[in-house]
Amino acid sequence: MKNARIGVADTTFARVDMARFAIDILKQYYGNVEIVRYTVPGIKDLPVAVKKLLEEKDCDIAMALGMPGPHPLDKQSAQVASTGLVTVQIMTNRHVIEVFVHEDEAKSDEELYSIAKNRAEEHAHNLIKVLFRPEELMKDAGMGKRQGFPDVGPIRL
Amino acid sequence: MKNARIGVADTTFARVDMARFAIDILKQYYGNVEIVRYTVPGIKDLPVAVKKLLEEKDCDIAMALGMPGPHPLDKQSAQVASTGLVTVQIMTNRHVIEVFVHEDEAKSDEELYSIAKNRAEEHAHNLIKVLFRPEELMKDAGMGKRQGFPDVGPIRL
Amino acid sequence: MKNARIGVADTTFARVDMARFAIDILKQYYGNVEIVRYTVPGIKDLPVAVKKLLEEKDCDIAMALGMPGPHPLDKQSAQVASTGLVTVQIMTNRHVIEVFVHEDEAKSDEELYSIAKNRAEEHAHNLIKVLFRPEELMKDAGMGKRQGFPDVGPIRL
Amino acid sequence: MKNARIGVADTTFARVDMARFAIDILKQYYGNVEIVRYTVPGIKDLPVAVKKLLEEKDCDIAMALGMPGPHPLDKQSAQVASTGLVTVQIMTNRHVIEVFVHEDEAKSDEELYSIAKNRAEEHAHNLIKVLFRPEELMKDAGMGKRQGFPDVGPIRL
Amino acid sequence: MKNARIGVADTTFARVDMARFAIDILKQYYGNVEIVRYTVPGIKDLPVAVKKLLEEKDCDIAMALGMPGPHPLDKQSAQVASTGLVTVQIMTNRHVIEVFVHEDEAKSDEELYSIAKNRAEEHAHNLIKVLFRPEELMKDAGMGKRQGFPDVGPIRL
C-alpha cells in the first residue's frame, strides 16, 4: 500500500472524541499513512477545514466527524455542513468521508457513545478502501452495509 | 452507434445491487459501450465519485445509484446528494442519471427489490437514449413515463 | 424583432406535452425564432440540459418544462431542479424560464391539463418579452400576473 | 455623495409595484443616483436579472423585490430565489438588497400593501447606507431594526 | 502571537449588539489584532459582507453575527445565510465563525441577551484559537463544548 496523507477534521461540539477512534484504526491497520488532524468548534466549520486539509496540507482524502444536536436547527446545520462537504469534494475531486452522529439516533449516552465509536471506526476502514482498495467496496455493492449500527444486509428473495 | 464510456457509481449502503441490473442492460442491449464502475459507501459520496468518473476516467455520461433509508435524515441526505449530482452535471456539461430508490417507496422487501431492479433497468435504457437516441425521448415527451412503477401515461381528455 | 435561438427542455415524466404548447405559441406569434428542443427523463435532468442548450447549442434563452408529482419527495426533487436551473442562469448570464406544474395544483386531470397548457403558453409569451420586449414586463410590474391560473391583479386601495 | 448606478429588479407576479416606492425614495433623497430597472415574471428569475444588472449594466449595487405567495411551494421558491441572490452577491462581491414580502405576512390587502410600501422604502434607504454611509448602519447595529413593520428595538435590561 | 486582521460583520436586525461583546474580548485578550467592522441590514446580507472583508479588506478570518427571528421564514433565511457563509469559506479558504442566536432559543429578553453575549464572547475566543492556537481546540475535541449555554461536556462511561 502506498503512503497517503489523511486529513481528519472534527469538532469541540461533539460529545465523543470520534476522531481518536478513527485515527486508532488508521494507525493500527494501515501503518504507513500520515494523519493531519484539524479540530474546529462546530460542524459548519468543517467544510473549510477539510478544504484547507486537502489543498494547503496536501491531504489525499479527509474525514469530517461531527455530532449534530437533536433539535430542528441542528438538522438544518447538518444539512448546511453536508452540502458544504459535498461541494468541497466536487471542487477538489477528492473524497471526504462524512461521519455525522446525530444525538437523537440513540436513546442513552451509552448507546450514543457506542454508535459514535463504531461509526468512526467503520468509516476509517471505508476511507482506506475508497483510497486504496476500491475492489473491496465493489464486492460489497448493494449489501446493505451500515456504520454505527449492524449491517441490515442485502434483500434476499 | 458510437462507442461510449459509461460511469456507474453505486453504494454499499443500498440493499440491492442495482448497478448490476443497469450494467446487464447496458451490455445486453448496447454491446459496444465500455463501463467503469465505482462503488462508494453512501449516497453523499456519489457526487465526487461521478465527477471523478467523468473527469478522470473520461466517461461520457454516468449513472448514480443509491437507496436512501426511510427516516427524515435519509431524505435530507438524499437532497444533499441530489443537489451535488446536479452541480456536477452543470460543472461538466455531462449528464448523470440519478437512480435513487427510497426504502419507504415499498411496503415489503420483495416490492423494494422489484422497484430497484426495474428502475435501474429503465434508467439504463434512458441513459443510452440521452446519449445516442434523443429522438426517442422527444417522442415520449409528456407521456407520463415512470421508472420502478408502471407508466402513468399522458392525460387524455 | 431580431432572430433568436430558443432552447426548450422538457421531460418524459410529465403527463402533458407542455413543450408543444409553448413551441406553438413561439412559432405562431414570433415567427423568426429558431427552436432547439431537448427532452430528458425527469426534472433533475433539466439543469444540465438547459446548460447544454445555452452553451453547446448557442441558445439565447431557454425554457425548462416539468411536472413534479404530488409527494413530498417530488417537492424535494423540484427544489433540487429549481436550484440547479437558477445556478445555470447565473453561470451563463442567460435566462431560463422555469415552467413547473405540480400534479397537486389541480383536482382533476382536466384541470391539470388546462393549467399546464395555459402556463406553458403564458410563459412562452413571457420568454419573448424577457428577450425582446422588456418594456412590456416593466409595464406589468406588480400587477399580480399569474400563469396557469387567472391573474390575481394588483392590490387596489 | 458620489454618483452610483443602482439596479432595481422586480416581478410581474407581485401584487404591489414595490419598485416604484423604492425608486421614488432613491430619487427624492439621493438625487445623483442612476437607476436601471429590470422587470421579470417571478422571483426565481431575479437572480440572473440582478447578475446581469451588476455585470452587463455595470450597476454598483442592486435591489431584488418580490412577493412570494402564501403556499408551501411559494416558500420553496423563495428559498431557491434567495439562495441564488446570495450566490450572485458572493460571485460579484456586490450587495443585492432582497426585498421580499410574503403574502401571508398580512391579514388583508390593505396591510399587505402597507408592508410592501414600507419595506421597499426602508430598504431603499438601507441600500444607500450600504453603499455610501456604512457608519449609519454601524450606529444601528443590534438595534432591532425592521422593514415593513415597526422596529422592535434593542433588548434593554 | 502574530498580528491578524479580523473582520466582524453584524446586522441592524439583531436586538443585541453582539459584535461589541466579541470585539471587547478580542481587544481585551488579544491586543495585537486589528478589527474591521461591517454592519449590514440582515443576515442574508452577511455572506457578501464577509467575502468583502476577506478579499477587499484583507482580513485573515471573520465573524458573522446575527439574530434570526422566531418564525419558519426566519429559519429559512438562516439556512440561506449559513449556506452562503459556508460557500464564502470554501471559495476563500478562510474561516468565518458564524454566531447566530435564534430569538426562540430563549424564553425571555433577559435570557436572549445573556445567550447572545455569551455566544459572541465564546466564539471570539474560538476565532483566536482557530487562527493561532489550533492545539487548544484539538485538546477540546469531542468535549461537548457549547457557546451561549453551559458546556454539556463529553460522554463519560
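Think of it as A, B, C, D and E in the order they're written, each chain with its own count starting at 1.
Throughout what follows, a residue touches a chain if its C-beta (ideal position, glycine included) is under 8 Å from a C-beta of that chain, and two chains touch if they have at least 3 such contacts.
Source: prediction; values computed, not measured.
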Query: If you take the chains that touch subunit B and keep only those that also touch subunit E, what is left?
result: A
Target subunit D, source subunit B, minimum contact steps: 2
Query: In whole angstrom, how far does the Cα centroid of subunit B sit from the Cα centroid of subunit C?
result: 25
Message: Quick check: how many Å separate the C-alpha centres of subunit C and subunit E?
response: 41
Query: Which subunit A residues touch at least two other chains?
result: 79, 83, 87
Query: If you go round the ring from subunit B to subunit C and onward, which chains do you meet, in order?
result: B, C, D, E, A
Statement: Given the complex, residues on subunit E that touch subunit A span 75, 78-79, 82-83, 85-87, 89-90, 93-98, 102, 123, 126, 130, 134, 137-138, 140-147, 152-155, 157
Query: Given the complex with subunit B, which residues does subunit C contribute to the contact?
result: 10-20, 37-41, 44-45, 47-49, 51-52, 55-56, 67, 72-73, 76-77, 79-81, 83-84, 87-88, 91, 109-110, 112-113
